[in-house]
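Listed below are the structures to be examined.
There are two complexes below, and they share chain A, which is joined by chain B in the first and by chain C in the second.
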Partner chain A sequence: MADNETDIEGQPRIAPDAGAADDARPWGEQTRVVGNRRPRVDAWERVSGAAVFPSDLVLPGMLHAAVLGSPHANARVTAIDTSRAERMPGVYAVISRNTPEANPDWDYFSAHSGKLFYDHCRFEGDAVAAVAAQSPYQAHDALRAIQVEYEILPFVSDELEALKPGAPEVHSGGNRAGTQTYARGNIEQGFSEADLVLEQRYRTASEMHTPLEPHGCVARWDGDSLTVWESTQGVYAVQSKIADVLKLPLSRVRVIGHYVGGAFGSKLRTDKYAIIAALLARRVNRPVKLFMTREQTLLTQGNRPPATMTVKAGVKKDGTLTAIQFSGIGASGAYKAGGTSLLDWLAKDLYRCANVSTELTDVYINAQPARPFRAPGYVQCSWAMEQMMDALADGLGMDPVELRLRNIPAGTQARDDKPYTTDGLRLCIEQGARAFGWQEARAAAAQHSKGHLQRGVGMAAANWYAGDGGPPSTVIVRLYADGTANLNMGASDIGTGTKTVMAMVVAEEFGVDPDAVQIEHADTGTTQYATPSGGSKTVPTEAPAVRRACLAVKSQLLDMAAQQLGRPREEIVFDGDHLRTTDGLESLAIRELDRLRKQKVVVGVGQRQSNPQGVSITPFAAQFCEVEVNTLTGEVRLLRMLGSNESGRVINRLTWDGQLIGGITMGVGYATTERRVLDGPTGKLCNKNWHDYKLPTTLDVPAEVISEPIMLTDEQANIVGAKGLGEPVTIPTAGAIANAVAHALGMRLYDTPINPVTLIERVAAREA
Partner chain B sequence: MLTPFAYVRPASLQDAVAALTEGNAHIHAGGTDLLGCLRDEVFGADRLVSLAALGDLAGLRETRDGGLDIGAMTTITDIAAHPLVQRRYPGLAQAAGEVASPQLRNQGTLGGNLCQKPRCWYYRGDFPCLRKGGHKCFAVNGENEYHCIFGGANCFIVHPSDIAPALVSLDAEIETAGPSGGRRLPVSQLHMPPEQDPTRETLLKPGEVIVKVHVPPAPAGLYSSYRKVRTRRSWDFAVAGCALALVMDGDRVRDCRVVLAAAAPIPWRSPETEQVLRGQTLDDAVIRKAAKAAVANARPMTKNAYKIPLFEGMLLEELRKAAQV
Partner chain C sequence: MCPRKRKPPVTPPAANPDGWAGFTRRAFIKTWSAGTLTLAVGHNAMSSETAQPDETLAADEPVQLTLDVNGRPHAVLVEPRWTLLHVLREELGLTAAKSGCERGECGACTVLIDDLPRYACLTLALEAEGRRIETAEGLMDGGQLGQVQASFMKEDGLQCGYCTPGQIMAAEGLLRQNPEPTFDEIRRGMSGNLCRCGAYASIFSAVADAATHRKG
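So, the complex of A and B:
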């Protein structure tokens, strides 16, 4: 997802594509392929193992690289001796700050620029040297033989400590990486109008990126052209960063990323590894493969920053919100990296409230830079805001669903009150509550509680500011003489089913099966520019461009049919894979078009048009959850969850439900198990593997997860009527769980995660 | 990354013992713990001695006295699924069934489970801790939420095994083979308290191999159970566990063993709890007293005081279950 709004809204507007039908109409209710449950077009490849992920790639003569990271939270490299490593068997090259020709400028997207191998390693794991060797084992043996002298420096790893006077400075000039404020209305007046005002502090732990496929790439030079196969969300983003750092023209850098084993925001950009692989490959004149170890992904490949949030909110007896004051502290890490990115958005945008003020403080600490992580900011803020909403409801003696329904805004208050194109928030809450059996479950919870096993029911709602998508995107569709098609797009399918959804769009237009669509994608050498797949914007960005490319083809087919049948164009319509006259007298299959048979192919180009002005295209969500808490042990069992989402048209119900289940699973981890642990005395990461950093398992996800889509099409949004889904599905999960636990216990936990370790003392103290 | 080592797979126990006596050799059973330690560079090995070819070491057999012999190479899955174990020693079956994940239970063995290395993140991480020959325990001033509340002394690990506490509760013994012959040893004496030697986990001598575990016959009225609390429901070590073996005489506790898991550097018998229970009727007052007694002498560290109410609550729940049978 993009870091800030301008990344999305500031896109250049693109002129209507040549040949595309400008009279593109929405599909309407009757679709043949779109809306079905369609298994992945690459399911066989994925399941059989035939799919070649970048980490699977083996090229002739390929060497293996490994990176030596600083073992200290903050240290200066005073000397490096690589001579022993260089002489080891199988070792081809060692690079470090001692090889200035292989040590370009590097910046972590911040003002504090440095070198690739920098003297000052401000976080554990930052690169000190790298090796290329015949085998991965030899590469790691060589790392062990590199002698590094460090001057260990004072560090700070807690964002609140970092703000205290006298705290060690990550960069000279203080640890404040940035502040941001927002206000509307009159906050004091808002509080004075309230019948109930509550204030509470919340904290969310840092959640670490650890996708199944680690971060990395294979780099190969052909003369002075570089090809990189990378596990990435966006091949073009990788291309521009590599070109920038290595001072290469874009035309000399080709990036390919056909499969990605998970990303979640951590692969929107590339990292030092791609530069290191390219530099080593050039030095040894062979392909070089460099993938991070699991420990290195956890140490260096990003996280959802920790957040300390204070919410003060006022509400009238009738449930009207009168004031919301939000302050949030987040930690970018050692370099500025969006530590408070979007952190206050739900506070200022989700519920109707005239008087809002927010204040954000981003902090430097000696830990790896943060990265976007599935709904950055929103997931943290939801934890705080949705618990506050429930606390207000409790205080008023009002049902939490009812309180939310009384505060549904008509438009996006944080963006000039632009009206929403749908009433999605209300629909998600109402329809979700009904399908979940909210009132019954809420009322029966006490009755279902037995002794130390206490039932609770909770919910939370959400929106997401970036689910509209937008330009730029250019897609090419080729229709072959036999009626099958080739779809050429730059976007990556990061495992969400992008290829399948786009094949369904093409299949809908040409009356063929999605399997008849060949897909060429995520390759800067053969496709057109696309933004990284992230921000829940891939479907609403790419699908309209794909459809427009199809329409551009169909426009040409209409001309062909008109000529062949000797009828005016206006009298010919498409009917599946046929064209027929409106009087129903004549019909011909696409593949029977003479011109097509002769010219063999029709090419259509589609571009993503700008979004309509004056409205806000926003997806919405609500989740409902039932839990059982063991008050003797603090164990929390999730019994069932339901997620209702309004993201416009459901193009593929299977991938839709897949997103929901995945989003809930991730939220379950956030709420109950995941937490970065930095050692107090050393600042080093304690839980850098998968038994200490606890992702949820299938047993932790409730057996019953129900998907309740709001079936509508958002026809103002774009020509496919779809909005983003991938982030809205995970935003409300943790808050809903926290609210259910609070309902069960009659007592609230304000910090993530909630599990026996964090729960039992509180419960026991109360029982005593 | 693994560093180079030699790998041998002897065909006899004698050869295995011989192969273990030279250099820095380690037994390789299922490898689920050992290979992780080598890969994480917790310690090194010149030679791995596989027990895979020693067929006699795998399997469960009822003994003439009505007890059970479990070979050291028996997989954890086989223990959890064995009908005799489930019927006579449900606590052992439950403990085995709660270990790790299905894959790890299929591959991991009983011997390996008893001899596995601690999961302390300082020990497993790149901290030069006492257990690895360093000078201090990093947990003392560090992140010790998963560390011990009993028996810490100089090193504050918890023993990671779920099976060992169950075996201690059942008064099981191990039988070993070694360079100077074999011996029998109660499982309760297998593990090394850190104050004796913080660098070793067991009292096994160099080259000594666990051959089997003998579980004595279940006395009439035996009630056994194992309960494990963790932060996720699979593939996770205990944050607290308890093995109960109560010998009931009607609703009176004739004899008992209560062994705590994830409480101490070794499986931790709770004489305080046992004393409260022994000879008493399992009514709620006794149960409350017994659960409290379990943690009365606990010495929490800076971040693990939660284990006190947790162990107490878990014992309350488990003893109440026992009382209902």
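So, the complex of A and C:
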């Protein structure tokens, strides 16, 4: 509740915000702009080709850089000779460990310190040297002329092998990167109360982000000031990392990221490339563009770690869950990077269960460090838990929807049972099942099956722990004399439609069209502080701050109107782009305010207030899926999918539906096409391109995707009533597909991906 | 200006728009790995791996050529190994076509060459001389969006927007070949373009919308 909101600790309240919005409530049902289907305010730029992505940038005198990576899974660099490369046409600079002045300290997630170009390359692709040249062709020519001598070391690329005694050690001291346990209730008692106990092991392959725009940046120095145009989810996060590594004051590092060609968690932080680009640019005193090759993005720029999960669960005949025991093994990669982050969260939080114990083991392997990937941990855990729920339902002879509905918790069990602000999980499952025609489709699947074409229907549900958003965030709104507005915020729009949502908030408040809102964003030099766009927290973090800034402007407009009309402030209200007296006798447009016309601009500052204590603001989801499995070819045809989401207020229905469509597509890839393959004999990545690493294409997605939002306003969440959506839309997809395939086949596949090869193997094994 | 020894430009007969595509990826890789670029004259010769080249160019020795891009001739000095994508983006400043993989897997670089969608990252600038090259910038009429672009905007056939100009050119090419595609034809026609944001369902709607409005 707004009343419970308190100022952010240590953040002074800025004058224009004072008294503006303390009693503000989310909008009522009647809104003019919010809730509409609204094309993006920057759609013209994106479809015309005019949008300048960081990789599109061409600056005068700009050189092109390229990075040489170690070709081995684990190797020590014993010598580097760059002399031939330095003499090649068009080459301006070569840096490596031989250039100590251009080899600062670098650490991957702080657990292990090293250098930018480190002697010990613990994963394939780690940087060994870099070149700046006139053209990218010349830069890559020069890379091939660099002579590196490696001492090839033993490696381990499988996390289960890595835990065995005698396995090669990624770091001395063993391959356990961390362990974590959790327990509530009494697990043994829980199992003893159960009428049915099942135990199963599940394995999910590593998934790689591969956004269409490769990772990279353009760096330029003006004296001792550095400007970096980076493809990123968070300009301020990039700024602090660069300043830290290069020992620069924050005020000497400006990071701009107006557009970003996809990210999915892999561009929350920056990487060595930004440091390399800056060092090369300083060395040659010219701007330098450095974008990773596609192969390098697959080798070094992020992955969802693989997971091996064992779930043991007990249930009573009436469907009450009595015990869940979850153990998960994940792989950080060569450096500690959250290989089991949030991996057990759904097991301990999604369904009501008094007795839960979990154990997580994070493992070092000789592969690139993991990165957060759209709902880290949750997507893996959902694959296991949602299949277990269906297996329990099968065992009890209960409908899978019914089993889930009998285990809806009232609050977040992993966080002291804090009550949820909505009954979103139940709403998503019930409303989604109804809209999908669950019972009819489930019953009709058998009669639609003919010979080798078997029909199946499945579902899965989810929540997401971070969809509440929160401070810090500061936004400035300026209202111009003609009633149009400028919005200044630091957040990136990573393709989710952030700019459009925020423009709609401003438009709602000032009674203008969203196109009348000019947006400055994602520039540490000119826009306000924002955390990276990730965690499904951008709308619930930024939109309330945007609205508060608008309310701060409106408070000043009320004073102006009161003065002009000679009425007390309390007798004046806003009506679209007008102010009118409550008696209806007088009205004037905002742009007719004398003070505004004289002053030219009114400034409002909004800050994101803290979330209310004592409640859990959580988004929920459920997905339903119908498939046809060809038992001769192993193909799975996705006939239709429905996604039901409760993320509070729907601000832009068009981009809301787009999030769902995209989340489902990504989940289809996780369930059916994507898998990182590290070669057994060499530890090298086998599928380091999009030919071999299969993303879903137009031919792999369901012909029909239905979006079924739960239309409600989460009154307690914040002053716009919205929660995050970007992750909840992808968490249940893979599990729903697996359950539908199991329904079709009458047997389960426990490992991702379910592709024609893995499926037909199981079918053949059953028939044999 | 660098001296040039190249004589006739590569101009396969326009009557057979597919003929030139016989410059196979295999042959390309073969010549590429040899460090020089073998340039054969005549599309029949290009389509045969046993063709005898009548001329060999050093891969990095610049040559002058004229590219017809969006209806305007552009005289450019290019290294024979440069892709059309590199020349469009870095030399001509036309950055709608994006670089996603540089190996013909994602379609972010899709342009139209003589009305057909082509991967500009797998097309040498040299190969494109004498052809009509169109990029997303070329679909615009001043500041007005072309129909396919307007439909992508209306149906939100995009998220981050990086693959979008390529998707739009693939759709434009599809609709020029087949003005009234079925759903399945749209799906197949767009299957050469990856969208990691996963906006495919909205892309289908956008292409269908564009087809409807182009008819009118």
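The rule is short, and it goes like this: the second predicted complex is superposed on the first by the 748 of 768 C-alpha atoms of A that agree within 3 Å, B and C clash if a C-alpha of one lies under 4 Å from a C-alpha of the other, contacts with A are read in each partner's own complex, and residues count from 1 in each chain.
The definition used in the following text is that a contact is a pair of C-beta atoms (placed from the backbone, for glycine too) under 8 Å apart; a residue touches a chain by one contact, two chains touch by 3 or more.
It should be emphasised that the depicted structure is a prediction, and the values quoted were computed from it without experimental measurement.
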Which chain, chain B or chain C, is in touch with more residues of chain A? C
Tell me the contact category for A:E386 with respect to chain B and chain C: first, second, both or neither. neither
Applying the document's definition of touch, where does A:G634 land relative to chain B and chain C: first, second, both, or neither? first
Report for A:D394: first if it touches chain B alone, second if chain C alone, otherwise both or neither. neither
In the overlay, answer first, second, both or neither for which of chain B and chain C A:G680 touches. first
Give one of first, second, both or neither to describe whether A:P136 is in contact with chain B, with chain C, with both, or with none. both
First (chain B), second (chain C), both or neither: which does A:T697 touch? both
First (chain B), second (chain C), both or neither: which does A:T655 touch? second
May I ask you to decide whether A:D56 touches chain B, chain C, both, or neither, giving the answer as first, second, both or neither? second
What residues on chain A does chain C touch that chain B touches too? 136-137, 141, 293, 689, 691, 696-699
So in the complex, the part of chain B that touches chain A is made up of which residues? 1-4, 40, 101, 119, 121-122, 124-127, 138, 141-143, 145, 229-237, 239-240, 305-306, 309-310, 312-314, 316-317
Chain A contacts chain B in the complex at 66, 71, 136-137, 140-141, 293, 452, 630-635, 672-673, 677, 679-682, 684, 686-689, 691-692, 694, 696-700, 753, 755-758, 760-761, 763-764
Taking the touch rule as given, give the residues of chain A at its contact with chain C in the complex, in rising order. 39-40, 43-53, 55-56, 58, 89, 135-138, 141, 209-214, 259-264, 291, 293-294, 494-497, 654-655, 657-658, 661-666, 668-669, 689-691, 695-699, 701-703, 705
Would you pull the chain C residues touching chain A in the complex into a rising list? 60, 79, 81-82, 86, 89-90, 93-103, 105-106, 108, 135-137, 140, 145, 149-150, 152-154, 156, 158-165, 168, 183, 187-188, 190-191, 193-204
